[in-house]
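Chain nomenclature is as follows: A, B, C and D, assigned in order of appearance, with residue numbering initiated at 1 for each chain independently.
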Amino acid sequence: MSFIKKFIEQEKVNRRNFLFATAAGVGGFAAAGMFGPGMARAAIQDPTIAWSYRNRTNPYWNEIVSGGEAFVESLGMPKDALVHLINEGSSEKSLADVKALLARTNGDLALAIDTNDAPNARPVVEACAQSGAYVSTLWNKTDDLHPWDFGDNYVSHMSWSDEKPAEETARILLEAMGGKGGVVHLGGIASNNPAIERLQGLKNALVDYPDVELLAAEPADWDTQKANQVMSAFLTRFGDEITGVHCANDTIAYGVLEALRAEGIEDMPIVSYDGNPQAVQLVADKKILATVFTNPHWGGGITAALAYHAATGTFKPSEEPNEHREFYGPTIMVRPDDAIEFKTSYLDNVPTYDWQDFWGPSNGQIQYK
Amino acid sequence: MYQLNKVDKKFPGVHALKAVDFTIGRGEIVGLVGENGAGKSTLMKVIYGAYQADGGTVTIDGTTVRFQSPRQAMEHGIGMVFQEQSLITNLTVMENIFLGFESQFVKFGIIDWKAMAAAARHQLSKVKLDIDPAMTTANLSFAQRQLVELAKVLTLEERVDGDLVILLDEPTSVLAREEVELLFKLVRELRTRASFIFVSHRMDEVLELSDRIYVMKDGEVVDVVDHDEADIDTIQHKMVGRDIDKEYYREQKQGPYDTNNVLVSFDKVSLAGRYSDISFDLHAGEVLCLVGTEGSGREPILRTIFGLETPTSGTVSLKGQQIRSFNAQTGVSMGVGYIPRERKVEGIVGGMNVYENMTLSQMQNYASGGVLNISRERELARQWIDRLSIKTPSVFKDCGGLSGGNQQKVVLAKWRSAGSDIILLDHPTRGLDIGAKEDVYDMVREMCDDGAGIILVADTLEEAIGLSHTILVLKDGEAQQVFHGQPGDKPSLYDLVHHMT
Amino acid sequence: MDGIVTRETLVKWAPLLVLLVLILFFAVMEPRFISVRNMARIAIASAPALMVAVGVTFIIIMGSIDLSMEGTVSVSAVVFAFAFLAMGGTVLSWAWLALPLALIVGAVIGLINGLVHVRLRIPSFMASLAMGFVGTGFALLLTGGDRIRIEDEVFRGLLTERWFGFPVMCYVALLFLFIAWFIQSRTTLGRNFYAVGGGEELAHASGLNVDRVRVMGFMLAGVFYAVGALLAVGRIGIAETATGNNFMFISITSVVVGGTALWGGIGGVWNTLIGVLIVNVIGNGMVVIGLPGYVQDGVLGLLVITAVVLSTDRKSVSFVK
Amino acid sequence: MSLERIKPHLPWITLLVLVLIVGIADSNFLRPQNLMAMVADIMPLFIMALGMTFAIYIGGIDLSAQSVANMTTVVATVALPTFGISAALICIVAGLTFGAVSGFITTRLLVPSFVSTLAIGGVAYSTAQYLSGQRALYMDATLRDNSFGWMVGNSFGISHEIFIGAALLLIMLFLQHRTTFGRALKAVGAGELAAVASGLSVARIKIIAFALSGMLAAIAGLLFAVKLSGGSPTLANGFLLPAIVAVLVGGTPLTGGVGGVLNTLIGTLIVAVIRSSMLYFEIDATMQQMVFGIILIVAIAATIDRSKMRIVK
């Protein structure tokens, strides 16, 4: 519980401090950018700020976008000043939209983006760099692509290392199962990096629980209905052998819960991921044992903020250390005993963040295997 | 009672009906004849409401009417028995009969099938057809379907006050002679309840049945003849605007064939379920006619020669070479040309122009390495347009827009230009007017003179007798009798019918 | 003639035989597959899909196609959920009105779909594809991307309440299947679908108002999509823009697998029931026998082809597009 | 009469009108390099649509195109280290094979193409998942540049993707208009029975049409993989419906025999312009899909030539 408090304190900043910080120009690293050699560079006065993401039908992305909008509002602009590029799960559309926006804005663009599929990150970044726009990426990029290879224009990449948190939820699950029995895993779209890491987390934890068998792991494509059907089939295949369910995210957990409910199974230990408001409520109700909050609101806002402030010359990315350009986002474990508090202080009232404290809540430089 | 006054209809570029006057009295049977494109079908469509006239008036018992749809015409007692089989084959007989008028059997939204079946039986009894109304239409014979269509139109009797006008569009084209007799008998009986407009290419039948005959040419009614004064020659003269050759089937041009040159040889060939144990030889210069009723095995034999069917036993040889793998490509390469019955869907490709259609079966001759030499194709098309006097504005004209006769000429040109010398003619004159038929007959003789052999499935028995050297009569897939005929010494109609049924 | 009758009978029952063979196969591979509880699971998964497939069956019988189901299902589900919560949030209040409202919404979308197709003379494939985009887009506009939870225990009784081992939603689906069968076999509209599919021009010449039949067909389909939407919401307890996802390909595949011909005039709702069950039995069975996830799409594809090949009356088809 | 004469030209008139509407709203859109970039970006989609045209032209459809493209992004990435530029050949052969199998199942086993291609798409997707180990893969930069560098980049200020697209378009135009295959294809699309009665091997022509569709889908996937420098079993997701829409909007209806590859170019550009217009008109994110659908209806209503369709099904 205490770590949540600490986390909130760390990220939340009162308005006064924030104003003071900017006005006085002591915003940490920002200062260097503002008065440093960055000023000499032709900074973009008033860049268009855009967020490119998968779709609006997923609560996760809605949280991301709310962060982007909050950031735009913090600049004194209306929230619809943020341009939305929605790729509908198509890398092709993602890239084409970015190019079109670059054309429209002549490169006066601060872009925050999840490129939908990892390979799409390179052409997006290259196009931005070529047009002189500034881009920060979230989640998807290939391991050989690094911000520091593109000078200032590729500002940053943020991702989450899901393996560790997923391992922690798995341990909670395995403990709840009494260290024995059978567990099933319902994963995301098989080739998605988070899906791979979250399954790996479970496998890591299982090493210490030799009496628990991983009965099966099937992709459920982040989809509630698919998860529902897969879980139903698991129940047939394994029946009572299943004593715990490890879900790759909350939307999958919803489908699993309903599949169990249809069978009248109420007390199955389940853990999930993402910390959506509904899932947090379910954790509070003890329907889910744990979920992992990745603070998409902050992630969405800070990614846009990084691109924007790099574009306007508040700081100069190329002068930042590598751990400020590729870093892990924050994760918080949400468990039944602290879920309510977490929810009221965190989800029901979204904290006001300091959008120039770029790296405060981050979780260290990204490590490649 | 039913009257058209100075009815006019124009289509882009065509003046289809020019001030047509037309009357039909109660209980009268009126014939309507004319060459293709004379305006018969347009006139009928105006009558049953598919087209609206641009000028003139339509009156029924003195009241002016104007139909926006076939349904409105029906409500005024005008029904149509279509030329093409117009029953929907996946529905039952009773559903077809009452299609569009089911509401009379509907109570609280539910169809009362028993009531419908009873009503359908009543209708079927009018045409003396004793079948189960719940039968799927696909299982009926063509003749039965024709009667069901008539029964369907006769439902107007119950629905409409006043008198009926029933249009019969080529009702006999798929019927055998005795079935035609049956139909005519029925029509004569029914004239107490309805008037009929009878449209047919078979002039003798029109004469036989009609009280009066309207002769149309170029969108105008050129003559109205009473039954007693009617005479085939005069009518045909009026229709065509010229004399009909007495030697209709070009018998004087029928030459002897080359008995040493066998083009097609069937030796005890069978195709399971279609025909069995068929043997014949086709020689260069010979017209061999397959005669029989629908389903007697005529078409499957043609399809076997072309390569679309693989026989289950026996040997087929083309030009002395035994055929082992049956496919159309082999057939075509051996010089087989196929002129199918359904000209519009099987003969020509609507949407493709004249030269594209002509080279369709022989593209490799106008291509090197798969690349077409289009200028040579056009050259070919121009030649054959001249040679067969095909009426088309240019080689670029979409064949779908040509008249039936000209379409048939394009199909013939396709095979003849490719040098095909085994020509399979399936109802080559079906739906053609007299002028176009004669052109086809001329071409048959020409092809024989060029050394081609022709296998014919004729539209009428007269045609079969007139054109052929040899007639093979089939029944239920088995050969019954072979007739040989020289000009002036041909088998009689009776001879054939005797073996057909 | 005996041979032909046998063949016809065989073709008619082929889809059912395929289904039985599949069930037998999976049961041999994994005896638990055949348990009542698993049958119920398959039934639950099939129920919404069945409703959508039954809707599109009518359209396919007419020889048209409808690709708008994903949009229609989403809009119906979302409108239902909003109305349901706004009017009280439980079936025991006025909120029950949201149920018929959802059906009306489905009908209206179907109507628009039909009118766009018929009045603008756009082939149904294109018209309904575009209408599908509009529908999904409209659902997104309504929700702004949010999911709406339906917690009402009575409504969720569709899933949680069981009679003879099967949840209520299965019986609801069965009821609507009977309604569909009734429409198909005992109403003028139903028979007219077959007439239009068997020969549109002929039907028109017989005095049938083909355009009206078409528009009515799309409306009726819309109603069944809405029923599918309600069952989908009942199953998951969530209404969202994604509620309609994946219905398009799976429903049309099911219809074809069941033996209804895409060129129209042949087949019916019982065929569709078999088709939906075949597809869902394969889906469930593959997981139950433990086939790895990555081969499932391929295996499903191959089995679907096999099923269609076995249940197609090859003699009656001259060519296939 | 004048309307009759305009009809065949409606697709590109629609395109022009759309371009002008967006151009008037924001003249930035009309800058040549912007238009050029837009065209370059749409090329993978265009190439897939080009293939789809053949399937639709004969009255079928190819729903496997996207999965085949997905598969080739993986195949290209996996095969690149071992086979270098020959990886392209493997992709093309794989595409041809999958297309031909779809064609075989459609024509010989009489499974409607809607179902057969969907099913074969499932097989392609499984193959992609198997080959990729269910991960997103990336190409080694040097290897990519050595083997496929020519596919991306610019010459004379024009992106190489445009050259590739144009070359394929020209080849397909030639195929459609000047070869026996193109003629046979037209005959099959416009009058299948007549094609049979002319001795054409309709089944073979159809199988080739589906094979071409598969091949072009594979090339689209290959180009996309090179452009993105990587592959994944979901990389080409989102191609399928726009590709179908592009063919239909271009004026090749599903009834077959009408339209052609040039129409598809126009159709693809219409899709690209509509998509960009969302940005230029700043359509709200939640409204974009609905607006896209509505514009689509209008565009289809404007472009299709109904005179050649007897019945509108």
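By our rule, contacts are C-beta pairs under 8 Å (C-beta built on N, C-alpha and C of every residue); 3 or more make two chains touch, one makes a residue touch a chain.
A quick note: this is a predicted structure, and the numbers were derived from the prediction, not measured.
Chains that touch both subunit B and subunit D are the following: C. Compared with subunit C, the chain whose C-alpha mean position is the greatest distance off is B.
Per-pair counts of C-beta contacts peak for the chains C-D. Centroid to centroid, with C-alpha atoms defining each point, subunit A and subunit C lie 36 Å apart. Subunit B and subunit C have Cα centroids separated by 43 Å. Between subunit A and subunit B the centroid-to-centroid distance comes to 73 Å (mean Cα coordinates, whole Å). Between the Cα centres of subunit C and subunit D there is a gap of 29 Å. Of all residues in subunit D, those touching 2 or more other chains are 129, 134, 193, 286, 288-289, listed in ascending order.
Within subunit C, residues 140, 144-145, 293-294 each touch two or more of the remaining chains. Pairwise chain contacts in this structure: A-C, A-D, B-C, B-D, C-D. Residues 182, 186-188, 191-192, 194-195, 197-199, 202-209, 265-266 of subunit C touch subunit B in their complex.
In the complex of the two chains, the subunit D residues touching subunit C come out as 58-60, 63, 105-107, 109-116, 118-127, 129-130, 134, 192-193, 202, 241, 244-245, 248, 253-256, 286-294, 296-297, 300-301, 304, 306, 309-313. Within the complex formed with subunit A, the residues of subunit D that make contact are 26, 28-29, 31, 33-34, 37-38, 41-42, 44-45, 73, 129, 132, 134-138, 140-141, 224-225, 227-239, 242, 272, 275-276, 279-280, 282, 284-286, 288-289. The touching residues of subunit A, when paired with subunit D in their complex, are 56, 65, 80, 83-93, 95-97, 99-104, 106, 117-120, 122-123, 140, 142-145, 189-193, 196, 219.
The touching residues of subunit C, when paired with subunit A in their complex, are 30, 32-33, 35, 37-38, 40-41, 44-45, 140, 143-147, 149, 156, 159-160, 167, 232, 235-238, 240-243, 245-246, 283-284, 286-290, 293-294.
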